[in-house]
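There's a structure below that I have some questions on.
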Amino acid sequence: MSDIDNHPLNRKPDETPALAVDNLQVEFSAQGGRVQAVRGVSFSVQPGETLGVVGESGCGKSVTMMSIMGLIPMPPGRIVSGSAKLNGKELLHLPVKQLNKIRGVDISMVFQDPMSALNPTMRIGEQIAETLMIHRGMGHGDALKRAVDLLERTRIPEARKRVRQYPFEFSGGMLQRAVIAMSLACSPSVLVADEPTTALDVTIQNQVLELMREIQREEGMAIVLITHDLGVVARMADQVAVMYAGQIVERGSVDDIFYRSAHPYTLGLKAAMPTASMHVGERLMAIPGSPPDLFSPPAGCGYCRRCDYAMNVCEQQLPELISVGDSHASRCWLQHAQAQVDVDALYQPGASTC
Amino acid sequence: MTQFILKRLLSGVITIWFIATATFIGMHSVPGDPLANEKAVAPEIRRNLEARYGLDKPVWQQYGIFLGNMLRGDFGISFTQKNRYVNDIIREHFPVSAVLGVLALIIATVGGVIWGALTAVYRDRWPDSVIMFLVVIAVSVPSFVFAMLGQLGILAMNEWLGFSLLPVAGWGSFGHMLVPALVLGLGTMAYLTRLMRSSMLEVTSADYIRTAKAKGVPPLRIFYKHQLRNAILPVITVLGPSIAAITTGGFVVELVFAIPGLGRFFVQAVQQLDYTVIMGTTVFYGAFLVIMVLLVDILYGFIDPRIRVGKVRG
Amino acid sequence: MNQTLETNPTLTSNPQMTPADFEPLVKTRQADLIVRPSLSFWQDTWQRLKRNRRAIYSLYLIIGLLSFSYLLPLFVSFDIAEQDLTQISQPPGLGRQSLVVDTKPWAGRFVEEGERRQLQTAPFDSRAKVAGLEVVGEANTESVRLSWQPLAGAIGYRVYRHLLVPSGPADLGLPLGQTDQPGQISFEDRLKLQNISYYYSVQAVSYDGQLSDYSTVEVKPRHAISLRAALSRGLVDANDAEAMLGQEVELKRHLMGTDYLGRDLMARLVYGGQTSLFIGIVAPLLFVAIGILYGGVSGYLGGRIDEVMMRFADFVIALPFLLFMILFRVAMGIGPGESGVTPMLIAMVLLGWPTAAKLVRGQVLQLREQPFVEAAQLMGANTHYLIWRHMLPNVMGVVLVSLTFSIPSAIFTEAFLSFIGMGVAPPTPSWGAMCNDGVKSFMSHPHELLFPALFISLTVLAFNLLGDGLRDALDAKMKG
């Protein structure tokens, strides 16, 4: 797809993205000021597509998704501007009553820690059935039967027995399956998964990811996968958005990000990833320093102080997202026409000397 | 669950035995012969008592007799009120204390849960500040001051109304119970309000509340189905100690409002050094409290699935 | 992916941008800079506590209360036993003026002999009123002198005193007496007079016992002190005592009023505070110390010993606290009417230690598993060092909070026991015992209950708020 085709005005009607976010800005009021947690984020996901959102802790990736779902406490949180359209319908600033007709129905969420994401004093079945009873107007018995089906779908053995159990009787992986089953109850068109595998064992991680892919194939829904694990992104995502300090710094297809990285931060992330070929005693690369304080974001690029290739302009002026290819863009001055840098040499795998 | 109850029952029995033993040791170390007190009884009763309690026998035998008597539920005869069995005293006066205590407990629990939930819902806004200010007052002012103020309040109200709406003291009707129960429950209510508030706040920021919101559950349903139920659990765990606090708090309230409860009787017995009544009531109260804590434990077990199902992890 | 916001790079390029902008940036600062000074655990806790206004005010309040009880008597001398009988149950206030009066008995007024005979033989009319009832001289709290006109047929007169306006012949108030001398038409009341309004009523009595109608006069005696009392209190100079008669002197001040025995309330509050604060602070200190020892040993040894020790602590916790406080006091041979600070202290320690012990044991068990303790062990630290350097400082935070919260409950316990007459007994003052005294006269003189109650409440409030502040400060520290 070319840029021109992708533009909303040029798109054919049947290609309405499942979720389109435009220039979202979110801030939190804190003692003596405001934290600008999300600073103008735009992205969109097509039905059946998976968007991976990567970034380190506190980069605003979770806040972005939470504010779209209306899950950030307001106050102190505040959506300053922007829009988020689910199948063309605006989500932001909806009253709770209308939002509740959409949440859990058209868009649902899977959380990081399944242990704490479920009500400890309510049976698993009841928690799944609750969604169905509220949104589909099902009776208690029918909803429970459907809950059994859903648990079976997420490959939980003995589902009939399991619906009557409590969360503490489940293992972590089983719980995450149950949470996924719950989020699938009303066949949403978008599934937001906020670090769905971080709290799980590695073997279980694979199973859960596999399950998500399989369900996506069957249901054709869009998935927004929030993670800090590049490995998960490489396996799952079609498109990737790299977030840093409340902004998207690079986005593109999964191949763009991994083989044609166009932002020093993405490069740093990749370098920090352990590989199978690493030797014992070999140190993992770390990006020195820490992200800027979003209490008073810097005038220039937020990554400038940690960047090996920083230029004078980086400190003074925030770069725009600069297109570097088909649907591939990077928020970096190095990509600017006036920058006399051999970008390709810099970013080609093998060219880096680590 | 059965195993859980059996375990609790066993520890309850041992605790009651421990209380009885401690009482025996305590009273046995009273200097001198307890019967040689100035308030001692006529010689024939004295001989009877000596035989009954085996005061002439060695200590361990006395202990055996004491335990045997307690086991049979025989607390002996009052020293100061001749021909009155301690059992009769308890039977006559305890129901009064129990009715007052139950009413106070209901007021304290219902009030604590409601106020606590309110403060959490209106966190950092004026209802929260007002209620928490009152809570601080309620835990800082001794109960007898509230009892006196309560009495003064009734007086002032009756005077203002021109007729006696509520009796100032005494026992008999619901009107007699209302203010004493309120005063008695006040301290516990304040404590439970604080507990409920922090528990509610903890639950409010819990992940599963966020999950429920993400599921599109309406706010009201989130409040009663998810928040309230989980927030009340810690309140139930402290019901045992609350019953103990209300029971002993009853002493003062019964004294001030002239209510013929066991608490007032106990205080009188202590002031008159009526040994059998002191021992009997102490063991009785001790056993009563142990049983109450036991019941609360079992009740909690039924409410919290993590205990009911009996597979607590961690 | 759509790129709605994206624009062509050439469009965004700033015309003022020069090649110099694209020169590599010379980094002047380190990526990471630690600017915060490092603080020790207690320094940090103190910093946090200082930011909590309520906790700091509470700390000031506690210091104030302690100074009130322990420092004030060093500068001002108080007498807790002296009874100021001229000022009983006096409400709080500043100095009070009093008239110095002579207290020689009044001779009274009589009808002349001739007239008396004539009146006695006259017929008695039970509907008649005693006429001309009046106060002779100035009424004062040492004596109120009444006189009236004789009534025909009367052989004597009865005098009553009431605090309210009499509503009928059956409601004349306190009967003061009947005149006993022939022809006496006067009465002197010297019975515990106070500076309030009285209603005196006089009824005539006939020889056959009939009573006449009553007449009433309202009297508000002025505060007065007898010359003798004034002399003994040193309010007047002995040399010119006579000259002071009819003069006003300033009475001893009772800033917070007096109690039902005329004792200075402030003095008793100061010394009562010593008792209450002593019990309230020392008992928790003692049982927390025992708790640290017991819990520390139990947690450190672990295993079977730990289990047995903790089971025993559980049993002691199960004892109904107040009942056993009373029982132990009785057991220690302290009857009602005896002071009992020490037995109360012992009883509190005997029953109070397990909570602290369990707390400390839990902490120690947790700490034993902490990496820094293991690290210290690996580096060869001995047990002594481990306990003093690693265990104690980390346990102390929790212990301090528990101590702060134990103090209000100990003060409440003292007050409760004293209130039901099983605590500190007269004449030793304590705030609780003072409340017990004050209850009796609460309706007429509320200050006798309210002052000690206020002091108890302030102390409890201050310690509770300080405890809250400490816990928050330490919690924040623990959580990082």
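Every chain is named by a letter (A, B and C) in the order it is written, and numbering of its residues begins at 1.
Simple rule for what comes next: contacts are C-beta pairs under 8 Å (C-beta built on N, C-alpha and C of every residue); 3 or more make two chains touch, one makes a residue touch a chain.
Small disclaimer: the values here were computed from a predicted structure and weren't measured.
Innermost chain of the displayed assembly, by C-alpha centre distance to the whole-protein C-alpha centre, is B.
A count of C-beta contacts for the chain pairs A-B and B-C puts B-C on top.
Centre-to-centre separation of chain A and chain C, using mean CA positions: 62 Å. Computed centre separation for the pair chain A/chain B is 54 angstrom, with centres defined by C-alpha atoms. Rounded to whole angstrom units, the spacing between the C-alpha centres of chain B and chain C is 26.
The touching residues of chain A, counted against chain B in their complex, run 69-71, 96-97, 99-105, 108-109, 111, 113, 116-123, 130-131, 134-135, 165-166, 168-169, 179, 182. Against chain A, in their complex, chain B makes its touches with residues 206-208, 210-219, 221, 225-226, 229-230, 233, 304-306, 309, 311-313.
Residues 1-10, 12-14, 17, 19-25, 27, 29, 31-32 of chain C are the ones that touch chain A when the two sit in their complex. Those residues of chain C lying in contact with chain B across their complex are 314-315, 318-324, 326-328, 330-333, 335-336, 408, 412, 415-416, 419-422, 432, 435, 439, 442-443, 449-450, 453, 456-458, 460-461, 464-465. For chain A in complex with chain C, the touching residues are 3, 6-8, 11, 17, 20, 22-23, 40, 42-44, 51, 239, 251-253, 288-290, 304-306, 309-317, 320-323, 327, 329, 333, 335-341.
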